[in-house]
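In the two complexes that follow, chain A is the common piece, with chain B as its partner first and chain C second.
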Partner chain A sequence: MRRQVPLILCFVFGIVMIFTQFIPHSLSQSLHQEVRQWYLIIFPFALVFSSIALIRTHVMRIRRRTEHWRYSFLIFIGILMMVVIGVPFGPQHHVFEWLFNNVQVPMDATMFSLLAFFIASAAYRAFRARTLEASLLLVTALIVMLGNVPVGDLVWNTVFAWLPWENATSGMKQWILDNPNLSARRGIILGISLGVISQSIRIILGIERSYLGGGD
Partner chain B sequence: MEKIIGIWIAAFLTLCIYSFLYRDNPFYRFAEYLFVGVSLGYSIVLQIHQGLIPFAWQPFSAAVTGGSLTGLIKLIPIAIGLLFFAGLSPQQTWLIRYPSAILIGVTSGVAIPNVLQAHIFEQTRGTIGPFAAIHAGTLSGWGVFEAILMVVGVVCTLTYFFFSIEHRGPVKWVSKVGIAFLMIGFGSAFGNTVMGRVALLIQRVDFLLNDWFGTIF
Partner chain C sequence: MSKTIQCVVVCLVLCVSLAFSQGLSPPSNVTAMDTPNDDGSSVTIKWDAAPEDSGISGYQILRRIAGGGLEEIGEMLPAGATSYVDATIEKGNAYAYIVRAVSGTEATVDSNETAPAKGTGEWFHTGKIPLFVAMIVFSIAVMVSIYHARSGQEVFIRRIPGLEAVNEAIGRATEMGRSILYVLGLGGVSGAATIASMNILGQVARRTADYETPLHVPCNDPIVMNVVREMVKAAYLNEGRPDAYNEENIFFLTDSQFAYAAGVDGIMLREKPAAIFLQGTFYAESLILAETGNSIGAIQIAGTDSEHQLPFLITACDYTLIGEELYTASAYLSKEPMLLGSIRGQDWGKMIIFAAIVLGVILELAGISWITTLLQRVS
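Now for the complex of A and B:
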């Protein structure tokens, strides 16, 4: 009951979603849409539950006075700020949009831009042209970076005037992206896709059960 | 006034995060924890307004007020979703498996045809498609070279990831060529990532210099 029913549910819903996708009958399509809607209804509960789990973790941190426990209040403030405005009034409410544009978006962009510094220092340590493979990585990265900025063409156009492209580095960059890079990506995508399909079949057939967790 | 307050808050939070470049400090932690809370709150609001309200609450309330019983079927996924909260009681945690199994089953079921269509068929078509043009004689010499390079790259990359046979002899050399293609792919990804991050950095500095300083001077 505790393990068999979830396995049956997973099998039934998985099979339904596969077959309904291939059957063009209106009944099959409406069943497909209905199950998709069920998914969209159930998923927010998972998110709310995971938020409760996060809140519980931080309540424990505050109770135990662990390191940096005072900052846990900021998580509550952040969630409350967005939920109190967003849930009753909707994401189109001007206060919610103001919070999104002036609090979340700047922090999001800044967090990602912070990586520019660390990625540069990591590259300095890691990119040593010791082997042919490392040299390929280094040279490709340099061409792509130079090809992304106008100064790359300005500097290298005279040196690489013999190349078939009007602008040397941006042309070379685009050729690399469209050919050797794309072929490597296709290889990776095909490999990942085969992995996703085999893993999905294992899950639907109940061979892969790790999502059930331990216990009975 | 509302705009100026927004700019000052955004500038303060931006500087708080950049203070991490010196070292970990209370200002950075302030922004970091607030960011986690705000992002989570935003996701909750979006999920409720784009999933729960249009697909569950509205049909259900229409069924209750209008007398149409079809909306009542939405009570089933709502009840299944509520089972997640059984996780709050240690004795009833196992009930989480029901909604989880449905979510995982649907995801797996949707993934198989979609991945087959969008990734395997389309990528294979893109790889061998230019050979039809070669056959028709419409591709230039350079185009033929690019088409062959594409197939060689895909086959060699896949060979590198093929672990069912030992990489010895010709297979070893094919997989070595695959590594070369992979390195070019990783180099391109790295170069694009760096430039993307630098573009974000420029945008933030532009915000501080023009928008924020613009409110002061």
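Now for the complex of A and C:
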């Protein structure tokens, strides 16, 4: 019974939600909205459970004195500060806003900035011309990179001024993005779409039960 | 004398206004009808395009509810407009419309009033018929394949190296006595990629339960965390190893994108997991996670439907499930015939699309744009 109820619910709601996509009538659309509202109602409860789990994890780390346990205090300081200011005064309060703009935003930006270095190290590994495919990748990447900066066209127009093609670097870049790149992406998107439909059918029909922990 | 002057002035004003209004003809063929394929909350008004030299600078729509006065609705429409959707109607009321042409000198001329029109909700979106048919055909293909697989017919599935490596990765972690880190990405529980990722996690959890390998799952979404906890717990129970399940290993980190990336990176560097699974929806943080995993020497198996992140994951990970492979993973790992059958159905769908593309290209070359028109109508 514990297994059958979720399967029945999944089947009924799966079929109903598919049909709401094809029925524009207000009854169907309000049902669709209603179910979406349920999701929004579940979210705060799940957030409370998750926050409790987070606090428990860090309390245990402090108790057990695991490696870097002192950092767990930072979690509690952060939570306390935001709750003490945010709950009574709201997110528009100037101290809350100051903390968000001067602590969280710069830290997010720092993490995002790291991406530049990671791209460089990943590109170094990917573009080593050791095989034919890697060499093709290298040449393509060079064209796209040069096409993205004004100096690419400037170099082309200066060095290859005798050729009839002006601004060819950006032209080649655009051709690569519009043809081989877009074709490959669309192929992947088609496969993904079919995969999603196939997965949905498996779940709705109760064939796919991994989300219930597997088994019969 | 003064009366004569007054008469002259009045005549002049009349002549001037007549001269200006003469070039302005009223909008013709004005019709109001229920907007097709909606929930009955709008009425569409259409009229013929005015000639370019008509002097019209815009249109104002006026509406009259039965027995009421005229009211202006919406902003002034540009001169080229030929239709307007009034989405401010009240259901059940009938409305009549007038389209007022306005010239550059603010002179106006009204069209005839349309017959009253009501908004009616439709029970089927006729514009989605091709989509509905495609969905039915594809669903039948999948179900027929499942039926064949169920009757014992062997299903051939090509080898997917990324999925073959799952057991290898779990075995490696077990032999090294280290943990496995499973990252579900930033998608919510309703995301198809997250669901696919949870299905793979179900299979991974069954094996980690058998091998008693610690499995860490940092979550970005509170609902995902709760679902995953229940799912992994059920997997351990099904394997007869409830004692090996540790709830604390599946935890909520944060819902902020880069804070999550920083948290997962920290776990990677501290715990040094032997195997890392990056399965689900990823954005800019994909490379930050994958490169950090690469730097600690973990075997990394990635899979995502975010096609923009695929190049990053392919570069930094040992194996990457590209697009649809993510959705076949659960079936591939479980080896259950019925699940494998659905993958064959998926391939039939691909064959149909491929055939449609080839046929479309041939027809376009022959000057017949039937398939292109059909697809444009669907989109």
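In this text, the second predicted complex is superposed on the first by the 177 of 216 C-alpha atoms of A that agree within 3 Å, B and C clash if a C-alpha of one lies under 4 Å from a C-alpha of the other, contacts with A are read in each partner's own complex, and residues count from 1 in each chain.
Rule of thumb we're sticking to: a residue touches a chain if its C-beta (ideal position, glycine included) is under 8 Å from a C-beta of that chain, and two chains touch if they have at least 3 such contacts.
Treat the numbers as computed from the prediction; the structure is a model and nothing was measured.
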First, second, both or neither for A:F49, with chain B first and chain C second: both
Which superposed partner A:M107 touches (first chain B, second chain C, both, neither): both
Chain B versus chain C as contact partner of A:S121, first or second or both or neither: second
Which superposed partner A:I23 touches (first chain B, second chain C, both, neither): second
Touching partner for A:F160 - first (chain B), second (chain C), both, neither: neither
Partner chain(s) touched by A:L190 [first = chain B, second = chain C, both, neither]: both
Superposition-derived comparison: chain B or chain C, residues of chain A touched: B
Touched partner set for A:W69, first chain B, second chain C, both or neither: neither
Partner chain(s) touched by A:G14 [first = chain B, second = chain C, both, neither]: first
First, second, both or neither for A:T57, with chain B first and chain C second: second
Residues of chain A at both interfaces, chain B in one complex, chain C in the other: 18, 21-22, 39, 42-43, 46-47, 49, 51, 53-54, 68, 104, 107-108, 111-112, 114-115, 119, 123, 185, 188-192, 194, 196-197, 199-201, 203, 211-213, 215
Chain C-touching residues of chain A, taken from the complex the two chains share: 18, 21-29, 39, 42-43, 46-47, 49-51, 53-54, 56-57, 60, 67-68, 104, 107-108, 111-112, 114-115, 118-119, 121-123, 125-126, 185, 188-192, 194-203, 205, 207-208, 210-215
Residue ranges of chain A in contact with chain B within the complex: 2-3, 5-7, 9-18, 21-22, 34-49, 51-54, 68, 71-72, 74-83, 86-87, 90-91, 96, 98-117, 119-120, 123, 132-134, 136-145, 148-149, 164, 173, 176-194, 196-197, 199-201, 203-204, 211-213, 215-216
Residue numbers on chain C that touch chain A, as the complex places them: 37-41, 91, 121-125, 128, 131-132, 135, 138-139, 142-143, 146, 190, 192, 195-196, 198-203, 205-206, 219, 222-223, 225-227, 230-238, 248, 251-253, 256-259, 261-262, 270, 284-285, 287-288, 290-291, 305, 307, 310-312, 315-316, 322-324, 326-328, 330-331, 334, 338-339, 342-343, 345-346, 349-350, 353
Contacting residues of chain B [partner chain A, same complex]: 2, 5-7, 9-11, 13-14, 17-18, 20-21, 29-52, 55-56, 73-74, 76-78, 80-82, 84-85, 87-88, 94, 96-113, 115-116, 119-120, 123-124, 126-127, 142, 146, 149-158, 160-161, 178-195, 197-198, 200-201, 203-204, 207
